[in-house]
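The structure appears below as structure tokens.
Chain IDs A, B, C and D follow the sequence of writing; residue 1 opens each chain.
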Amino acid sequence: MVPISYYIILSAILFTIGAVCVLIRRNAIIIFMGIELMLNAANLAFVAFANQHQVISGQIFVFFVIAVAAAEVAVGLALIVTIFRTRKSIDVDQLNSLKG
Amino acid sequence: MTLIDFTSILPLIFLVGWASVLLLLDIFLTRKVEGLTAILAGVGLVTTLAIAGTNFGISTSAFNGMIKADGFSSYLQILFTGSGLVGIALAYGYLKRMGIDRGEYYPLLLYSICGMILLAQAADLIVVFLALELLSIPLYVLAGFARPDPASEEAALKYFLLGAFAGGFVVYGVALSFGATGTTSLTGIVAGVASGSADIGLLLVGSGLILIGLGFKVALVPFHMWTPDVYHGAPTPVTAFMAVGAKAAGFAALLRIFLAALPVLAGDLVPVFWILSALTMFAGNLIAIVQENIKRMLAYSSIAHAGYIMMAMVVFGQELITSDAVASSLFYLLTYAVTNFGAWSVVIALEGAEGQGLKLEDYKGLGKKYPLFAAAMLVFMLSFIGVPPTLGFMGKFYLFRTVLEGGFVWLAVIGVLTSLLSAYYYLRVVVNMYMHEGDPEIYRDRLIQLVSVVGAAAVVLLSIFSTPLFRWVSRAVLKMF
Amino acid sequence: MTFFSNPLNLVTLFPLVGVLVILFFKQEQKKEIRWTALIVSLITFGISIWVLTLFDSGDPDLQLVINLPWIEIASWTISYQMGVDGLSILLVLLTAFLTPISLLSTWTAVEERVKDFMIFFLLLEVGMMGVFLAQDLFLFYVFWEFTLVPMYFLIGIWGGPQRMYAAVKFFLYTMAGSVLMLLAILWLGIYQGSFSVPDLTILGGIPAQVQLWLFLAFGAAFAIKVPMWPLHSWLPDAHVEAPTAGSVILAGVLLKMGTYGFLRFNIPLFPQAAVKLAPWMALLSVIGILYGAAVSYYQRDVKKLVAYSSVSHLGFVMLGLFALNQQGIQGGILQMINHGISTGALFLLVGIIYERRHTREMDDFGGLWKVMPVYGALTLVVTLSSMGLPGLNGFAGEFPILLGAFGSEAIGSSWYAGFATLGVILAAVYLLYMFQKLFLGPLDKDENKAVKDLTVRELITIVPLVILIFWIGLYPKPFFTLMAPAVEKLLTVIQAASLALY
Amino acid sequence: MLLSEAITQGPEFFSLAPWIIFFPVIGLLINMSFGGRMKERTIGILASSASGLAFVTSALLAISLLAHPEGAILPLAEWISIGDLQLNWSIRVDTLSTTMMLVVSGVGTLIHIYAIGYMHEDVRFKGDPGRYQRFFVFFNLFIATMMILVSADNYLMLFVGWEGVGLCSYLLIGVWYDRDLLGRPGTENALAGSKAFIANRIGDFGFLMAGFTMFWTFRTVTFSGVFAQVSQIAEIQPGAILAITLFMLLGVAGKSAQLPLFVWLPDAMAGPTPVSALIHAATMVTAGVYLVARSAPLFSAVPEAQAWVAWVGGITALFAATIAVGQHDLKKVLAYSTISQLGFMIAAVGMGAYVAGMFHLVTHAFFKALLFLSGGSVILGIERGHHHLDHENHHDEEVFDPGDMRLMGGLRKKMPVTFLVFTVGAVALAGIPPLAGFFSKDEILAEAFHLNFPVYILLAIAAFFTAFYMGRQVWLVFFGDPRHPAADHAEESPPVITTPLIVLAGLATLGGILNLPWVHTFTHWLEHTFETFHLHLHPGKFNLLIAIISTALAVLAIFLAWLLYGRKPLLKNQADPLKKILGPIFTGMNRKWYVDEAYDHLFINRYIDLARFLSIKVDWDFWHDWFHDRVIVAAYRQGARILAGPIDLGIIDGIANGLAKFFQAVANRFRKLQTGYVRNYALAVFAGVVVLLGYLILQ
């Protein structure tokens, strides 16, 4: 069977990709998807570890994370929509009126 | 589920219920009653306060150790609900004035407080994560509450994106810690570490990630950069509430996790804490100097104060004084909360439409025209600086004591010197108020006046008669370990 | 003895009564406000006299002590401990004595925001009294920092054109020192387990190396306040900008808080460090004496001249204190009082002429003695006392200081005293120069021909000071007897320390 | 308290001693408080009688001393008592101090009386009668402080008087503080006063140092206490005593206008003539001599110190005498002659000839006061004349110096009395037997001859010059024809002025009998004091040779003076005949050998430069503005800016951008990328993550 470390490495890679996505994309939605990716990387890690330690709680945690992610999506999209209403754009680079 | 489980989270349960009821009420109430939701929210909080008060002193762990109910949590619950009350008082007139008087404000506030309460009780990393999100998500919304004001929206989105981003790190940190020990309950982790079955390296990385996530919430440098923008853009009462509540909650989690649960990692984490706190105190106080907008200035000052509280965590791992460390940071949170709310109340009193009256120049001549407000603001500024006899001084006194006891003399020196720096920008406000001519305009608002005057009185009197406070704090940390 | 029947508490807190009363007046009721403040401060002075009558000059220890548990922080019980002894009694009297005089001097000088002014002034008096009476480090620190705020406002609101700059500078500099002191205080609390000065003195036993650091930490706060060279840079600003009454109190009392701090804390709590560092303190003092004198000589603004002269005079005080022998210390204490009286009087006099002419440039004056004989004569006396003419108070302080420093084992060399004595010459140089520029020479400026001599009110402010100048100069015995036992007690501590060292 | 002390001391008038101080103090207090409402004359008489009463008291003390030569000490009150430093206000009555009291109060009284008349006219010529009162207040104050000085029984109380008289001289020189020497508006007089005070302060520095050394050596500063221990201390640490005496010498040089501190005395002539006579000739300036005589036991213990003192005195005597020759101002001549005579006294006491020194002090007080006062009378006479001119022809606007001898001449007819007394004084000063000056000066010379021959030479030459410049002065002032209309209209002074002159003339004539050779009344009188300190005075034995030499020198000098100035008197606007003979040397004499200029360049200007440098450059520009305002404040604000700008939005951004660029490079293959603000913040977080995790993993 596949050694546990593979899963961890994969999840780390996913996590990094997500972070990088946050860092380099300008579209709020895509950035948000990057964040989702990070969360799911965590989920993968959870499952893997749960398997390693033979405890169920890890997998339960995954559900929590998914639920929270859903909630975040709701709020996040709502916010993005409002922004879009006023600015006709969801390019985060245009959100720079507050600085200094 | 046993009865003890219920009693231990009774405040939470009640508040959640109340908030939801309030939400529905707000929706289904056809004919709006002036300020009904606000008053109901207040009632709810007062009740929660009462419950938390009665809970004070019990020390149990419920839900198979996922929840703790002890002095620590009760203390913080009282702090949170208290700040909630003040938050309502500050918001009520403001929302009307700004024409954003929407009913959902109060339920959202309550939900966020629920998150805080839960965070204070969390004894399991899962709960920590849930509570963190529960407190944050409503705040994202509240930050953008002044829509369609672009600044507010921008603040909201920034806060949301970065918050979620940081949340990601927390989750991953939790995952790694779980991987290292096979459990997410703090006690379990401690046990795992003790038995040596844990993978310390992994745990270290995990805890590091968690530290980052929480450090973001309490705005430690370099995770602070959202703070000025969000504080600036968000509606001022929300800002005030965030500055006090969210920060306190973040520290609740930090203290609980790092001071109580992970003493083994002291050797590795203490230097990190040292650097973070020094960096935060220094940068926060220094950058505040060049701010021209009072909201941004206070934002940076709140960053700096996070650094001061962080000092207490540096001594963690030294069993003898950990209780002192927790107590001093709890006490500092209290002094910080009172002073901060006072200061923000004055800011709100002066704030006009479209962010008028937020420049430092707008405070010129306040001392002559509104001596009472000016005197109050003076007291708050002195308290921020830490000049006796004010609460701020007592807080710093206790903190520095802890740090010196821990033997971190240089950190203490940095602390006092940066507080000296801070005098410089706090005094700018005073200079403007008293030594310049000007014609500021304040908005008559009984509640806000009440907050600022009572706040000022409290800051001075509680510092002179602070013994009960200290007793209370020390009792709060009594059964924590 | 209950809290409020304790005379020390009364003398400290009574001005608050005045504050409360004044709060009920309207800004416009200037007359009432002024009178209230004056009467309250006079009553406070009365109370201080009462304290004096209760004071047993034979007893070297703290007297009229009140010691109540105040704040409990974790393992500590911070006590509200007040007491007076030979080291502080004179300063308490000086404070209570100068406050009404300064208030009286503001009668016509301060016209705007009289209410705030008087409130701040009375608060300031509370703070100063507290500083001199507090026997618990925490309490002391509270009062010490508390004095900052009112003074900050007195300079910043009623000061001259540069007032904000001066006020902020004053605040930051003083605070810079005191934050370090706070750490030192905390250290004592943690490792000695007490904040009470007498207990700490008895406890002792701090390792010499640590003593050095603590001495420096405390010293930073006090040296800035004194101010010792080269930390004096805030003083000219503060003095030049401050209103007359502010300058009087600043020079008369606030600076003494620094020297008193050295006397009350640094020397008894860290005697070994004190003995070790005595030569260095003496060196700084001597530099201050000569430097201050030289710099004063070249000032064109009378007030600035007097301000710098303070640097010189307080150099004498510090030199005396760190002679660490009886002559030096007693002379130093007396010199604190003398400086309060003489320099206070000088600032009053400068304020008087400033009120008439709205200038302080010496070149704008000349030959004033002709039109203001009384003013001239009084100024002459004060000037002479300030330059240490025998028979006036200045000499009664300076001579023992120099004598003590000359033979001090702690300082170890007579050269310090020798150079310090040169300061006596230089003092004559700049003070005579000032006197000549103001009062002698032809009366050639028309604006000066019209100025009136002193009014009765102004006389009332100056004459008491002049009387004291003569009294202390001719018969200082009562003052010395007040402090002698306390100083002897202090000396035993020092001797023990120097024995431990060598 | 006072009386009880007296009883223990003895039944005589010793208990009255404090009154020598109290009388003048009372006088000055009355004059100060009520003088404004009193008539001029009342003020004057009151002041004079205060001083007169002091004289009576001193006389009584002297009488009681005849019976009880051991004298008495009257403690009045404690002054400063700290540990073993015990200073009292207490009065010492012995033959030495009483001598001084008699001189001070006696001569003082005469001068007071004289001043009643003199100031009356002076204030009118200068047109400010208000000063009359002030003058007499200060004058009494001087008597009081001088009495404190001479009656002290410890060095510190003496120092009180010592500085007190300095103050009085400052005040009295500056009585006309708003004029220059010629009475025009100016600061000259005021500056002269300051100069005197500061020069004295330099001396006082020496005195203080002496006091400190003394205390830490003897643990006391009372005369009796110190002198009692001298002998054994001299064994153990002679160095200390040497230091004390040399420091004292500095003080003496300041007060008695010796080299190098004499420069203030000539300027002090800016004061009214009575002041010059009383303070700057008869009494104050002799305080130094008194101090040395008083400290005889100390000085006798260290020969080196004595040598120093003697040499200082000798050199000063000659140096000043030469300068006196070149002066044109009547009072300046007398001033330098005073310095020179003081040199004689200092030399004498320095050599251990205490009696001779004190003797000359007394006689000098007589004839020098006489000279100054009659000189003042001359000046008044001239001014009267000048006044008349003013009244006759008002066009007279030229600056007129009433003290310039070149404008005088022929006054012996105009002012016979003044002429007579002045000549008496001159002859006495010149040292022609049998006048007072002869005996006292001759005793000094005789002592010097035995004790310190080189100094004797100096003094002898000085004596020669003395006779010469006095002759020159007499002929310039009184003989020939008036060289200025004012001198032509000069008038004799009123009796209130001349009477004291005549009295003094009598004293100057007969003063010698105080201590005639072979009789030594004065020696035996003083012996009582010195014996108490086990110091034996050898009566200076009369040396005929010396007497003849000095007399011959004097006569020769006067003859020379006659040759130059008497035979064919100076004409109007004619240069001084000496100028032709001596040329540059005369100029040097006239310009006081440029000592003042030298001091200005060497010290005063240097100090001013230093002060300017310190205050402007160091303290203000560098320390205050540059260091505090620039460095501290600016560094602080800049730091803030940098953090707020570059670092917060720059460097952290920079890191962010850097990383972004890195990712750009990576991702450029696929897509063109841009970075923006929110993501910068995210990057800041990420950077933090990287650093932190990096650290933790490296653990």
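The definition used in the following text is that a residue touches a chain if its C-beta (ideal position, glycine included) is under 8 Å from a C-beta of that chain, and two chains touch if they have at least 3 such contacts.
Just so it is clear, the structure is predicted and the values come from calculations on it, not from any experiment.
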item	value
B-D compared against A-B, more contacting pairs	A-B
Inter-chain centre distance, subunit B versus subunit D - centres from mean C-alpha coordinates, in Å	76
Length of the line joining the C-alpha centres of subunit A and subunit B, rounded to whole Å	26
Distance between the centres, which are taken as Cα means, of subunit D and subunit A, whole angstrom	95
Interchain centroid distance [CA atoms averaged], subunit C/subunit D, Å	35
Set of subunit A residues in contact with two or more other chains	19, 22, 31, 92, 95, 99-100
Residue list for subunit D, restricted to those that touch at least two other chains	644, 678, 682
Junction residues of subunit B - those touching two or more other chains	157-158, 161, 165, 169, 291, 424
Interchain contacts (touch definition) - all pairs	A-B, A-D, B-C, B-D, C-D
Subunit C residues within the subunit D interface of the complex	169, 230, 233-234, 236-237, 291, 294-299, 308, 325-327, 330-331, 367, 369-370, 384, 389-391, 396, 399-400, 402-403, 406-407, 414, 417-418, 421-422, 424-425, 428-429, 432-433, 436, 439-444, 474-477, 480, 484
Interface residues, subunit D side, partner subunit B - complex	636-637, 639-641, 643-644, 647-648, 652, 678, 680-682, 684-685, 687-689, 692-693, 695-697, 699
Complex contact set, residues of subunit B against subunit A	126, 129-130, 133, 137, 140-141, 144, 147-148, 150-151, 153-158, 160-161, 164-165, 167-169, 171-172, 174-176, 178-179, 182-184, 228-229, 232-233, 291, 296
For the subunit D and subunit C complex, residues of the former touching the latter	77-83, 85, 156, 159-160, 162-164, 167, 170, 174, 177-179, 185-187, 190-191, 193-194, 197-198, 201-202, 204-205, 208-209, 211-213, 215-216, 607-608, 610-612, 614-616, 619, 623-624, 627-628
Footprint of subunit B on subunit A - complex, ascending	8, 11, 15, 18-19, 22, 28, 31-32, 35, 38-39, 41-43, 45-46, 48-50, 52-53, 55, 57-58, 60-61, 64-65, 68, 71-72, 75-76, 78-80, 82-83, 85-87, 92, 95, 97-100
